[in-house]
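Labels A, B, C, D and E are assigned to the chains in the order they are written; within every chain, residues are numbered from 1.
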Amino acid sequence: APLDAFQGKQGSINIAGGTAHISVMKEAAKRIMTVNTDIRISVAGGGSGLGVQQAGEGLVDIGNAGRPLSPEEVEKYGLVSFAFAIDGVAVVLHPENPVTELTSEQVRDIYAGKITNWNEVGGADRAITLYTRDEASGTREVFDGKMLAKGPVVVSANVVPSNGAMKTSVAQDPGAIGYVGIGHIDTTVKAPTVDGMTPSQENAADGSYTITRKLYMNTKGEPQGVVKDFIDYLYTAEGEEIIRASGYIPTGR
Amino acid sequence: MISPDHFPSIVSSAARLADVSVFFGNAKVLHDITLNVPAQGATVLVGRSGSGKTTLLRVFNRLNECLPGSRTAGCATLRLDGRDMDIYGSAFSDPSRLRVRVGMVFQSPDVLPLSIRRNMELPLRHALGLSQASITPRMEEALKEAALWDEVAHRLDTPAETLSGGQQQRLCLARCLAMRPDLLLLDEPTASLDNVASRTIESLLVTLKQRIPVIMVSHSLGQSLRLADRLVLMSAGRIRQCWDRAHGLPDIAQLESLLEAAQEEDACCR
Amino acid sequence: MISPDHFPSIVSSAARLADVSVFFGNAKVLHDITLNVPAQGATVLVGRSGSGKTTLLRVFNRLNECLPGSRTAGCATLRLDGRDMDIYGSAFSDPSRLRVRVGMVFQSPDVLPLSIRRNMELPLRHALGLSQASITPRMEEALKEAALWDEVAHRLDTPAETLSGGQQQRLCLARCLAMRPDLLLLDEPTASLDNVASRTIESLLVTLKQRIPVIMVSHSLGQSLRLADRLVLMSAGRIRQCWDRAHGLPDIAQLESLLEAAQEEDACCR
Amino acid sequence: MKHPQLSLITAWAWFSALVVPAALTALTGVLLVRGHGALGSELFFGNVPALDAMTGRIPVWDGIWPACVGTLSLLGLTMLFALIPGIGCGVYLAAFARPAVRAWLGLALDLLAGIPSIVMGLFGFTLLLTLRRTLLPQTGPSLLLASACLALLVLPVLVTTTRGALEALPRQLSLSSAAMGLGQWATMRRVLLPAAGRGILGGVLLAAGRAAEDTAVIMLTGVVANAGLPAGVTARFEALPFTIFYRSAEYRDATELQQGFAAALVLLALSLSLLAGARMLQLALERRWEGTVVR
Amino acid sequence: MPGNKDRIAGLLLGTAAATVACAVAAVFGFLFLFALPVFTGGQGLAVLGGTWQPETGQFGILPMLAASVCLALSALALGWPLALGLCCSIRGFVPAPLARLLLALLRGMTAFPTVVYGFAALFLLVPFMREAAGRGSGLCWATAALVLALVALPTMVLVMDAGIQQMERRLHLTGAALGFNRRQILVHLVLPACRGNLSAAAALGFGRAIGDTLIPLMLAGNAPQWPHSVFDSIRSLTAHIGLVLATDTHSAAYGSLFVAGCLLLLVNVAVQLALRALPTKNGSSATYGYGA
């Protein structure tokens, strides 16, 4: 079994960064530590920026990011990236919002503050409340680049610090619009189609939904010891099952 | 020696206590006191420490109620506006309405941490509700009456705490007098002063007691005998003996031996 | 009247001050005091309030140093173990070693908020470092000496604060005596007590002063004259006059007028 | 009425006396209503058997047990670091320091007291970076670092309450002790400290309360969402307040949310029992020092 | 020997004090050192600008400073009068049993974790504010200010009450004998004499409100805009630090966080100095004893 790789080993793995990754990391860590308590794994969030920063500074062993590393980051820190899953980034609304389809232009205008009421895009007469992510977010970077085409975001948009917090906020606010990794979508929020594309992992995998990104694990230099074992584990069949269960499509190595 | 509820020389009485007892928690501190306070002159309470003098004094302005655990039983009346009022009755459901009519000076000068002027004005304004126009003349008059005006007139706005002990005590007296009380309670007003300062206060009291009935406590037997029109000896929460100047006060030696005799009784209450 | 540094009747002296001045901040509170305290009997300090009596007393156990901003100049010696020791000198770089030899009783009874027993034991154990075995008999002996044993023997473990004022004051005295001091300082030890209680303390002092040299402050002129073997009149931080019982003490009236005369001088120091 | 000012104040006093408890009741009510269902061994240990979880034989990933242990270790370590310097400094300021030292150190402490906890966390983080670049390249965020920063955060509370409690004692108490021949330290140790015990303990309590509830400092210095029981002082750890903060945003389903509410209840209970326990300790200590028997 | 003991004790205690002093110096020193490169690196003025838009290279944190100050002041404006009202309640304006209950409640509130307030408010107050405002998300200035007022309340009450209790004990017999009732004593004698405690409580409350991270982070919405309306989403300096810490250690955004930290320190220094400059009689000991 894949977990046999950890037999008789010991050491610690500290993981932090992208909030989209957490459920995968946690489940993997749980399984590993259950068979071998000598391996200690800690999992934290913080956002992709934190993952890159802390892995770069050597504060964690694996720094997760929901975006590719920039060439400067690779050069400055000597980071090595391991993509392990594909995730789409989808616009999400409150489930009671009647709007079911949007165009990317409408999304851009909404985030730019040109459209301020849902009735301008076929919804009820209700003010739109905007939610965006913090500066360190990989999800935000993908959304800004691929959905908004680097268009502006009004300064009055609420800022939330994680994918989970985004889902929670949108789920509570009838006028909300926000965005999360597709893996986070459940019944508490609703994802409208964008330009006719339905956000789902299948569509993200087969390319019919284009606003996608990969999820990466980053290490400073080539991974060693249990850290390498951990990364390898996520590429085994059992690892891919975990990734799928969290709502992502495994990429394989 | 005469009976406490009948001083022969009494023309009219300023206050009367009938069977008044005071408890602190479960301890009975005053035992069924019956006392008649004449409308003229000074009534002086003497007795060992802890015999209940202060407590008795506080019966007259219901100040015992401000101490935790106290309870007062019995009947106490005060002559106000020509009528005998039950001070523990419904007429004074708010005891502060009684206290503005009864002035009290404590053993140690309790000036407020304010200027001299504000010390005088504060009770007049907020307890009596007087207007500024009537406050200023009252203040001056009271300070003169307490023989303090000349010493403080030029420094009314300095903190009262910068006055000497004797001056502070006279300020407290003046503060009472400005309220135009119907009865004056003095708890060892010269205890914390040196000889010379006490003499000043004493001579003030001699004139004052002509005008306002005074009940005072004194530890100094000499002072008691100098000032008293009536003398009340207390021990262990009871009135032991009363004298009247008209019928002859005891001398110091006599008083001292009486006090000493009371020691045994006090010991058991400790 | 005699000179302060030479009492004719002195056989040997317990303490000597030469040109001692005490400052609080910039204020000079004692001015070049020179005083010779005989090894026998009581030296009583009298004077108006604020004349520096307490401060002078505190010179002998260096307690002024515990008050913020104080400074002492001049020379003070104490006779200990047959030698005259400079108490501000290097022999007492730690003043608490001096203070265990000099007992002090304050004006208001300063019992610690502890049981009676712990009040007695605390200084014996922690200042003298005695063992429990030697503490218990010392405590009993001292309490007997202070005429308190019979009253407290059955309640040694009750809070000392439940004692009466007079009892508390005697407890403080007993606490000092248990330390077997070479000099006893008493600051108005009966000021907060009633006549009878003061008499008890007074009669205690009469026997005590035969054994231990006593320096005491008193506000009561009567008491001063009863107890004093030497009388020192202070005003405005200076010694004005000294008397010796052997050469005749003044009478009360005389003393009072002297005090009153000192008033002007004091007024300028207020 | 003659006193309109008084009636106005009376109305306001009643208003505050009603509105504050009402607000508090509403907030705790939410926790109780939505969280009580999750109180149970599942909340603490997930699906791991309680005994295995407590001994750490099987790591707990879905319960708050590691967070509880983490918070308690953090609290213990913090107090270990803070108590002695805090109380020592308070004593020094109250009795031993020269006036100039007192004024400057007092100012410094007031400034320290005003430092926001996130800034203290930031300090911890910069300290860590500096240490890594210089003396200790292997260090990382840890229980040790977090409790050291927390100790700094609560230090001024300890110092000021100790100092205040000592300075509030009657001056006569120290004069009497000195006159009895007790030295400066003996006076402090035997008389003043015990007499001020109540106030000092109050300060300790306040400090412990802050250490137990703080999130911002540890967020930057070593707390993580999942780590199991603390593996040592140099390892990362879980802590209740952070768990609650994390759950409030990251819950995946209704059960996890309910557990978040329940965790908040647990932290609340922990803090309040700390308060109650200290109060009892205080009464016992006072009785012992006074040497009086109950009658 | 007792003398030696004293010397050793003085030395040890002095060491404790010196440790504390070093710690204070270290905290200030580190933060200023880390903030310095921002200014020497030429980004200084950018950081002290009025717009935060990292995409366009604008890293101004002044809106956050304004938000922090506004938030703290409004929390104080809500909390301080309530604290005063509660003090009045406790000291005689409501029946004694209720007063005792209130005091116990307030003592308990000091042990009430901030995160618990934030969590409960997220599900109770936020939806309510959203409906009340009729716009926005309910995550706004007003929500955070309300909860912060509650957070800062018990400390303020206890500091005020420490002084009031002491003063009342000193003055109540005198006042009563002059014919004041208990409420008049409180209003006319005790409160004026406790001004030191009242302003110390305000300073403490302000410090608590401006220094809190979780409440604004969870409840204020975190939009980096200038505060205009109480229903606006705003970002405090503390929340800003929490949010931006995750960025690249060499970016200007990262540098801004040390400037934010220093700004918070400076505000704190200003409050402390202002408090010291206030003419108070018993101010020096005003903040003490609230733990008792």
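Just so it is clear, a contact is a pair of C-beta atoms (placed from the backbone, for glycine too) under 8 Å apart; a residue touches a chain by one contact, two chains touch by 3 or more.
Worth saying up front: this structure is predicted, and the values here are computed from it rather than measured.
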Along the graph of touching chains, what's the shortest path length in steps from chain A to chain B? 2
Which of the chain pairs holds the record for C-beta pairs in contact? D-E
Between chain A and chain E, tell me the centre distance in angstrom, where each centre is the average of that chain's C-alpha atoms. 36
Measuring from the mean C-alpha position of chain D to the mean C-alpha position of chain E, what distance in angstrom results? 17
Rounded to the nearest whole Å, what is the centre-to-centre distance of chain B and chain E, using the mean of the C-alpha atoms as each centre? 49
Roughly how many whole angstrom separate the Cα centroids of chain B and chain D? 52
By residue number and range, which residues of chain E touch two or more other chains? 2-3, 6, 184, 242, 245, 249
Overlap residues in chain A, where contacts from two or more other chains coincide: 57, 160-161
Counting only residues that touch at least 2 other chains, which ones in chain C make the list? 94, 96-97, 127
Per the contact definition, I'd like the list of chain B residues that touch chain C in the complex. 48-50, 164-165, 193-197, 219, 221, 256, 259-260, 263, 270
Report the residues of chain D in contact with chain A in the complex, numbered from low to high. 56-59, 61, 128-129, 132, 137, 140-141, 223-228, 231, 235-236, 246, 248-253
What residues of chain A sit close enough to touch chain E in their complex? 46-47, 49-50, 52-53, 56-57, 73, 76, 127, 129, 131, 134-136, 144, 150, 152, 155-161, 169, 172-173, 175-176
Help me check something: in the complex, which residues belonging to chain B touch chain E? 61, 63, 66, 94-97, 99-101, 103-104, 106, 110, 112-114, 122-123, 126-128, 175, 179
Show me the residue ranges of chain D that touch chain E in the complex, using the header's touch definition. 3, 5-6, 9-10, 12-17, 19-21, 23-24, 26-28, 30-31, 34, 84-86, 88-89, 91-93, 96-97, 101, 105, 107-120, 122-123, 125-127, 129-130, 152, 155, 157, 159-161, 163-165, 167-168, 182-186, 188, 198-206, 209, 212-213, 215-216, 219-220, 241-242, 244-245, 248, 260-261, 264, 267-268, 271-272, 274-275
